[in-house]
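Inspection log for the structure reproduced underneath, given as structure tokens.
Chain lettering (A, B, C, D, E and F) follows the sequence in which the chains are written, and residue indices restart at 1 in each chain.
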Amino acid sequence: MLQLTEIDRVVALALAEDVGLGDVTSLATVPEQEQGRAVFLAKATGVLAGVSIIGRVYTQVDPRVTVEVLVEDGARLTPGTRVAAVQGPARSLLTGERVALNFVQHLSGIATRTARFVDLVQGTGARIVDTRKTVPGLRALAKYAVRAGGGTNHRFALYDGILIKDNHIRASGGIRPAVERARAHAGHLLRVEVEAETLEQVQEALDAGADVVMLDNMDLETRRQAVAMCRGRALTEASGGIEEDTVRAIAEAGVDLISIGALTHSVTALDISLDWE
Amino acid sequence: MLQLTEIDRVVALALAEDVGLGDVTSLATVPEQEQGRAVFLAKATGVLAGVSIIGRVYTQVDPRVTVEVLVEDGARLTPGTRVAAVQGPARSLLTGERVALNFVQHLSGIATRTARFVDLVQGTGARIVDTRKTVPGLRALAKYAVRAGGGTNHRFALYDGILIKDNHIRASGGIRPAVERARAHAGHLLRVEVEAETLEQVQEALDAGADVVMLDNMDLETRRQAVAMCRGRALTEASGGIEEDTVRAIAEAGVDLISIGALTHSVTALDISLDWE
Amino acid sequence: MLQLTEIDRVVALALAEDVGLGDVTSLATVPEQEQGRAVFLAKATGVLAGVSIIGRVYTQVDPRVTVEVLVEDGARLTPGTRVAAVQGPARSLLTGERVALNFVQHLSGIATRTARFVDLVQGTGARIVDTRKTVPGLRALAKYAVRAGGGTNHRFALYDGILIKDNHIRASGGIRPAVERARAHAGHLLRVEVEAETLEQVQEALDAGADVVMLDNMDLETRRQAVAMCRGRALTEASGGIEEDTVRAIAEAGVDLISIGALTHSVTALDISLDWE
Amino acid sequence: MLQLTEIDRVVALALAEDVGLGDVTSLATVPEQEQGRAVFLAKATGVLAGVSIIGRVYTQVDPRVTVEVLVEDGARLTPGTRVAAVQGPARSLLTGERVALNFVQHLSGIATRTARFVDLVQGTGARIVDTRKTVPGLRALAKYAVRAGGGTNHRFALYDGILIKDNHIRASGGIRPAVERARAHAGHLLRVEVEAETLEQVQEALDAGADVVMLDNMDLETRRQAVAMCRGRALTEASGGIEEDTVRAIAEAGVDLISIGALTHSVTALDISLDWE
Amino acid sequence: MLQLTEIDRVVALALAEDVGLGDVTSLATVPEQEQGRAVFLAKATGVLAGVSIIGRVYTQVDPRVTVEVLVEDGARLTPGTRVAAVQGPARSLLTGERVALNFVQHLSGIATRTARFVDLVQGTGARIVDTRKTVPGLRALAKYAVRAGGGTNHRFALYDGILIKDNHIRASGGIRPAVERARAHAGHLLRVEVEAETLEQVQEALDAGADVVMLDNMDLETRRQAVAMCRGRALTEASGGIEEDTVRAIAEAGVDLISIGALTHSVTALDISLDWE
Amino acid sequence: MLQLTEIDRVVALALAEDVGLGDVTSLATVPEQEQGRAVFLAKATGVLAGVSIIGRVYTQVDPRVTVEVLVEDGARLTPGTRVAAVQGPARSLLTGERVALNFVQHLSGIATRTARFVDLVQGTGARIVDTRKTVPGLRALAKYAVRAGGGTNHRFALYDGILIKDNHIRASGGIRPAVERARAHAGHLLRVEVEAETLEQVQEALDAGADVVMLDNMDLETRRQAVAMCRGRALTEASGGIEEDTVRAIAEAGVDLISIGALTHSVTALDISLDWE
């Protein structure tokens, strides 16, 4: 589901920075003819994302390496799950190992945390969404990993969605003029979301015709009231410091979307390793 | 200390993915003439890294924005520390905000964790070093952030250091032939490090003339003995699952270097925000 | 309002293809010290777009050339209007001339035609919008020129708006499932537009909850009825073979948007020349 | 006859600007397994150019799409002519459709107009040639389309031909010194063409040894005399505001070449569409 | 006279390969504040070329370094000639040194050998020209250096000149059809040169209307006769294994051009060093 | 042993500069269907390097060309040795010929000279190494060619080895502080080499713990004494103006490494041609 060229570009960058002029250790110590076989193996519990990148890495490192994907993205992994098998010149297996792992561990880390949140809100109707708080250069992959974990993507960037925050409101002279300007100047296929921190702002946003209201850093009770106000008029998105122990209650407050920056800005790599056979 | 062109390249990538064709919200809602002033403010305790990137981001977004750096990389931050002040067209301040924050939060997250480890081993003589387990595309910046946090860099990539791991050893027919081949084929300015998991392997590595011995996944007592064996003959590097509660004891075992993948592969973004004035 | 880096990239491509290794004629015949002064002059009636590109071209050709913009984008030009004055080394003025003209003539051609349509619908409330039918590589500039001519931009690309056409409908098994899938999978900040060729399809689109209905290739009377059906429920966009002699009646039928591919796919360059003084 | 890499580069740019992070409509509404078959169909009369680009577009979008070219470049099209057939995943057919059409419609528009001029001068011995007035970024393709329409290419750029215009002459101190300098400094494989607006200038150009004389903006009778003067000494090129209703007479005046900027600077896209089967 | 962007691109490549992630020696040993001053000094006799590249290198390495050019390209150097002075942060001076020298030494090597040949044929009217036998990636610079040495450039590449060699002739069925096809298909501003190895071929080339005849690998007497045959009808170019001890006689045989591949394919770097003050 | 992407990048650059928009001669004179077969043939005695690049060139020019490598890199060539055979469309064979030859002749020139030096020191234990004095843009290939000739690579660039020269020493306040800083700040896998011009400096370098001492521009006797001082404590590298007639004596003085800039900065292309069959 990811554009191949998008992957290939970041893979090329990653190989350039890790391999560059060559893997001097493998070139020096491993005979050119030596063949090998190894398995990408989960060492922890989590959700897989980015497994197809392994193939893209080895295509660039050495097209003679064959990669067999054993589990698809989105699969639940437990310690010992065999993720993918690689076979080919031993030197090349070693040269591509770290870059492949860096991608899969990072993306699976994102998918794993997303899946935990998605599990926690199951049955409530709320969707877990990401933010633009991604590690520079990896946004497309990070957003893909959120989907692999069962989450939904918020706008991808500044160009494909309108989100009017407090500073935009201040500079426009209020919520109403801000929304009106957005309607007048932006493409008619982009919806308008307005950030609100109080119920008064929620009301203003609704009156101005906002399509979505972001309930930012509100307490639970206020969020409940805001949801009631918005019902039938606008979607609601809860945002701001949402943790695993608070997300269920927020979802039960009736919001449509719950956005969590930590899904992508604070990633714990999922432990996966390349074991030789 | 970072190469400007290196930063500029990743900044350009980050802006391309976040801004692309334009920040439709700001373009629509913020008047072109509106000026603004805002401050990058720490919201948590930690160590700063990457502050100069703020300037590089705004140079690309809009050269009319002026950036004043108020604290240097490596500084300890507490909630409320003013990190940098920006001033200029309000639209442009808003457009560059997220990309600037994504960099500084990620890199400061690395520096902060590194500093915690460095503090924990203070006085022992052991150096905290990073690994090649970095988020793809950001290696140079991640390694820089480790230095900002008081750590030291291990080899940058596969091309600037020789680290012979178990698979290289197996493919070469033993530690001795592996080290000899490395000496014969690699440049004479690269040292040779050998991974050892047992004391027998440590002895073999020393006999083969290794410059550095990596003590991988050993228990504390074994590491102590290994250090004793290596004294005066080779540097020692402890590696493998080292946590904040175990690092001090490992350092006191006398190793020269302690490498920690989590410094860069599992980063918790440091909370920094852009507050308008 | 255009991103400088976006312009600079296409300007660099254009100079690479036109100048490449050098302007052999000017290098051979014009003395290096020769200075010149020239004016970009309108030779026809129209609307200006892209004047700032002249400066970007000469910055790349030779930073010693100074460019003074005399009229802003969006201005009405008549034969003889002085658009911009350039001054500097004669060789460099000559070398950059053709590339600068190729940009300004093409973009002003787009703005001019857009303005004619905008004038024709004045007072009706209908907005003239563009399409994705642009010359490859120039979309950002072409869309900018439409705005300079008083038009409004439709979605920029396939990623920032959902437009469900007949083939999507067929593949989804109907308008309702197509709209539902779009709602479920796409970001919540993207609106859903559905193409309809009959009133039955208009009704289906409304029932499915479309935000915008495209009235494609309908006759005037059908469009009027469709507008009545959609009022208060969805925006309407007229599309398909709209010409200067039919656009007014369509606008008066009450549609919100009128999209015209010819604005950008069939451009008549506006006659502008560089006259030496 | 076009270099593949040249096409691939512009195709990649065009896909980047149109598809970018993905075709959200097709991804959301069209099932991944859905297959499709469609035909590129002429809707108007004209000359085909760029048909091979369809294959290059789909190679980049999705290599599983097969493209069968049914008519070669240069062929005369009438409404209903089947140009190419594509088959494969429905999503991918839809994703690549617009970019493929934008190329083929634009290039066929160039070929069509060129062919009209070529037809008009048939039998006279005059060749229809293009200019450097091309849409930025597409010169190689535009020049190719002129050839597909039966025209001949003038110099490609500033580096592969010497064309001394009035400003070069002024800066050199006359036609003779300009031609002499060109001979002395430029490569010996480049011919020298001189622009002349009067018969005196034609004579000067001949005396200076010009290989080609451009008869710029002359009336018919003057052009006739100029041709007589140049016979056996230099080629002649008519240039300046040549239209379909004047080109025949100019050709009959005996010029060797007739250059027409509008071939490439004012292109009417040829109507071609992708029809599903 | 060189396009800045052309230089900057190759300079960036050269710095990427030599500096990459940083000059670890200078970063480690030279204090950040240390300033320095140094001079690019000739250590041998020769002709300078590429001095402006020094400035382009340091602009990219560190814009705080100032570069003062003391001698212009084309100047005769003797041991001790001060070529350029640089001043600024000592680290940066050291980091850019090697790349700057690699360019200037290589290009001055080309200019020096060219000048020797030019001196040898002085007064004969023959021009020394280069070939396409250049080190990959440096053609524009190599051709520039030939000019700095007093030589003239042959065609730059395959696209800006027609040179029909024996294999083209064979594939075309003879010199006449080859020349006719070239005339018919190539742009009218490109001349046609034909390679001849015998006087019969010279005659055929003349009869076919060649503009230039290449006298390839002929002995002196044959070249003399060929020149006589071509006089007034075509330019003549001597080619093939021409050395310093044979070039004068060949020039005196009356050829217009003498092409020498060794000017650019076998370059002896001119000894220039960076001396600290 | 060379990274394919590295080769492909420089090959693409070389083709862009030599072929660009097309080989007008071949396109005009050689019929599209014409097939050909030709052989890359040595015309001189030497050592082959870069033969695999022939295949990479033709892959980019026209994938229908088949390339059969007949001799491997490192092989000794004599006049008449068949190096590689190519077969395919005649036009494409001609179009790629020059670029392929430029690479192979240059790299074989490097390998040939390297092999001469390697032969001269045979049996002494000294290794011939290269320097960073390479033609800009070709370092990876140049270093590869040195290996093909039997030489060994010194550090690749400024980032993979520490070499403290006189200017670093001066700026650091002496050899000892320079070496200590290098040890403290640089990665622990990089060795430290120190340049010495006198025996006093050799002693200082040893005392400071240098891993390698460069004996720069010393006379033979001084080098002998330096070698004696360093034995068992540091490697020694002779450097500075070493020629074919002096290298043997230097090697016999007992140095470990002999570095020669001329291997790569002053290359005589090895004569190889493409002969048609």
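By definition in this document, contacts are C-beta pairs under 8 Å (C-beta built on N, C-alpha and C of every residue); 3 or more make two chains touch, one makes a residue touch a chain.
It should be emphasised that the depicted structure is a prediction, and the values quoted were computed from it without experimental measurement.
In this entry, B-E is the pair from A-B, B-E or C-D that repeats the interface of C-E, since more than half of their contact pairs coincide by residue number. Most remote from chain E, judged by the distance between CA-atom centroids, is A.
Centre-to-centre separation of chain A and chain D, using mean CA positions: 45 Å. Centre-to-centre separation of chain A and chain C, using mean CA positions: 34 Å. Annotation: 22 Å between the Cα-based centres of chain E and chain F. Shared contact sites, meaning residues of chain E that touch two or more other chains, fall at 19-22, 27, 140, 156, 159, 161-163, 187, 190. Against chain B, in their complex, chain E makes its touches with residues 12, 15, 19, 21-22, 27, 32, 60. Of all residues in chain D, those touching chain F in their complex are 1, 3, 5-6, 140, 156.
Contacts from chain F toward chain E in the complex involve residues 10-11, 13-14, 17-31, 34, 36, 90, 94-95, 98-99, 101-103, 105-106, 109, 132-140, 157-159, 161-165, 167-172, 178, 181-182, 184-187, 190, 261-262, 265-269, 276.
Those residues of chain F whose C-beta lies close enough to touch chain B in the complex are 129, 152-156, 159-163, 187-191, 193, 211-212, 235, 237, 256-257.
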